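Chains: A, B and C, in written order; residue numbering restarts at 1 for each.
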Amino acid sequence: MKRFAARMGPIGIVAVVIVAIVVFGAVLAPLIAPYDPTIGSVTQRYLGPSLEHLLGTDQAGRDIFSRLLWGARSSLVGPLIVVSITAVVGTALALTSVWWGGFVDSAISRVLDLLFAFPNLLLAVLAISVFGASLTTAAIALSIAYIPYTARVIRSTALRERNLPYIRSPQLQGISGLVITARHLLPNVAPLIVTGATINFGFAMIELAALSFLGLGVQPPDADWGLMVSSGQQSLISGYPAESILAGLCIVITVASLGYIGERLGGRSAAGRKA
Amino acid sequence: MMLDIRSLSLSIAVDGGPKEILHDVTLAVGRGEAVGLVGESGSGKSMTLRSVLRTEPRNATVTGAITLDGVDVLSLKGEPLRQLRAHQIAMIAQNPHAVLNPVLPISRYLVEGMHDAQGLSVAAARLRAGELLEQVGIDGVDRVLASYPHQLSGGMLQRVVIAGAIAGKPSLILADEPTTALDVTTQAEVMAILDDCRRELGMALLFVTHDLDLAAAVCDRINVMKDGVVVETGVPDQLRDHPAHPYTQQLMDSRPASIMWSPSDGSGE
Amino acid sequence: MSDTNTGPVSETAMITVNGLSKTFRTGVGRATVAALDDVSLVVEAGSCLAVVGESGSGKTTLARIIVGLESADSGTVAVSGRVVAHRASRRELRRRASEIQMVFQDPQSSLNRRLPVQTAVDEVLRVHTSLGRDARRLRCSELFALVGLSDEHLRALPEELSGGQRQRVAIARALAADPSVIILDESVAALDVTVQGQILALLDELRTAKGLTYLFITHDLSVVQLIADQVVVMRRGKIVERGATADVLGRPRHPYTQLLLACAPRPGWKPQRGVIRALREEITS
């Protein structure tokens, strides 16, 4: 624990606390949110901060604080899906590529190059236009776009490791490639995967928020930070910026914290070795 | 004494507290003298060298004194330090690839050094570069000057680095395991060249190595180091025949009693 | 001067290498390099043969082919009288591994830094024996004791051990398969000089105690002196001289061997440019 604290540094610890608060808020939303996020009373529109409504209400009379809490859930779940799929598929492709080498490596690299060529959001929009707008579709589409980045990074480190004697030795014993990859190669790229996942989480969060903002992700009346930024635009114009600004702030602070944590995790040497 | 290191202690700050790398190191190098620093890994020999050059790690706490020609090296900063490094000291490191810019031809490395440090005109520097390469035993000087580092062998590159080192006529050459990465035959040649050149030009040498016999071959005096401390100092013969410290004895014992042929034995037939 | 003596044909040969050749192509469309050129040698059971050479001599390629990491272009390798296949399948590798094991040069990269060192040995036991988990742990303990390590080292991570200790683990791993041959590829080169002596002494003890055969790849003549009965000297893919250690090191015939000896630091040695140059000329003439 102490080493972790030293690794993070003072700002890092603040970042971890922030992320912890967000996660707790999301997990405990059903318990601590004072109001239902989707139901509002027209008579309660645009109320300012008060004891009853900590952060006020939006143009439909819904409690902003409750919506932020509930919105945290979709804002976290989406990136979680993205990061999980990316990590699993990206790592699998990278390790397969490295172990087999030769033709397999070339073929996989070419496929990854193809995926690289697509701008992330464009791929997502494409998928959504085919399969319909929802958080799941957006998340899966984004994962596909992220896979080449992860795969590339894992591949270059794994390539270096693959030729070292601690991999050659079990190979000489006649142990299968799958076992060697899982038992020896994977643990040595694991720190890299974790760092990548943390940073990707932040990116995914922003991009999914953008998709929701465009109306292609989470649909109203569900609460979602990106959606709130978008739907709060009208309120902004009417002189009630609270919804957009607060939701936007949540996104920015969470993403920045995750990004910082990711960088500190990967700090010394991504493979966990002392530099 | 030209180089005087007195009670040099160095510790670096790590997670668990300060870690002592050098403890009370005292040694000296006379003008034109070759002194060896022999030790195994963790002995502090490289760090001692780095302290003279002032390339010790930033979070290091250094106490003691290092004087070179009367100048207090430890208190130098900025321009005077640069002058010291440019004119009075030259360093030959273990890996020549780390010193030579891979995208520049060898001529640039030598010419740049002389032009910047000594103010020679480019034409004069190029002429001198050719002379220096000849001095370090390179044939085909023009070809080598035009070559890039990756086109030359390790031994060749180290010769180039030696040429660069003697170019500025420094009073002291610091050599940190300069031949460890080389084949044994190349090592012998490079050490012979280094020895010849520095004797001819009257330069002092502080030679760091793990190989006691190698140090004995070119040094007038040797300091044996272990765990950041100088355990024994003496001339090679004395260390070999009458080692005073058990560690020196241990180093001697690790080498076999030699049955090996040497050129003075005559032809093997 | 070339070496025509392929050594005595012997019934007690543990390893027989015959006419081994391998060329590498360096980069796209560039020149071919003959890593091995018609190399033949014999290692008697229970002996230690040192293969000495500088970089580019082919000694490492030779070791890698014998152990199965690379395949030769032509020639044969026989272990205990049985010829081993060129392109080794996994099953073939496993069979070969039960007879020949390898100890690598770098103690740091030959162990998985994320796992306790015991797993390296345990893995080999799992492949080559049918022992259950507890029996394997016991055997790991025995092997560790054999190489001079204690039970508390079993759970250590590689970074918690010294270079010498890691190399002992590597030796324990090699012994775990109960081989008849161990190939040591510069196995002490990365160690401190005082530690080298200890490891070489350990290896010698083990060889006598277990009747092992060693093939020791090295560039260091003092290592040869300390551990090898026989030695072959390689240069540019060819064997230029071979014989008993005392003979080759004490009365070298080939100018390249003489050059290596002239360049080997030892008490009283000094590098002599003239001598080196003369020997080099003699080699190329």
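The rule is short, and it goes like this: a contact is a pair of C-beta atoms (placed from the backbone, for glycine too) under 8 Å apart; a residue touches a chain by one contact, two chains touch by 3 or more.
What you see is a predicted model; the values in this text were computed from it and never measured.
Peer 1: Could you tell me which shape the graph of touching chains takes: line, ring, star, complete or other?
Peer 2: line
Peer 1: Averaging each chain's C-alpha atoms to get its centre, pick out the one most distant from chain B.
Peer 2: A
Peer 1: Roughly how far is chain A from chain C, centre to centre by C-alpha average, rounded to an integer in Å?
Peer 2: It comes to 50 Å between the two C-alpha centres.
Peer 1: So, what's the distance in Å between the C-alpha centres of chain C and chain B?
Peer 2: 32
Peer 1: Calculate how many whole Å lie between the centre of chain A and the centre of chain B, each centre taken as the average of the chain's C-alpha atoms.
Peer 2: Taking the average C-alpha coordinate of chain A and of chain B, the gap between them is 52 Å.
Peer 1: Among the residues of chain C, which are close enough to touch at least two other chains?
Peer 2: Answer for chain C, listing residues that touch two or more other chains: there are none.
Peer 1: Touching chain B in the complex: which residues of chain C?
Peer 2: 54-55, 163, 192-194, 196-197, 219-222, 225-226, 246, 249-253, 257-273, 275-276, 279
Peer 1: Within their complex, state which residues of chain B touch chain C.
Peer 2: Chain B residues touching chain C: 40-41, 137, 183-189, 191-193, 195-196, 210-214, 216-218, 240, 250-251, 253-256, 258-263, 267-269.
Peer 1: Within their complex, state which residues of chain A touch chain C.
Peer 2: Against chain C, chain A makes touches at 164-166, 168-176, 183-184, 187-188, 190, 271-274.
Peer 1: Considering the complex alone, what residue numbers of chain C touch chain A?
Peer 2: Chain C reaches chain A through residues 67-69, 90-95, 97, 101-102, 104-106, 109-115, 120, 123-124, 127-128, 159, 173, 177.
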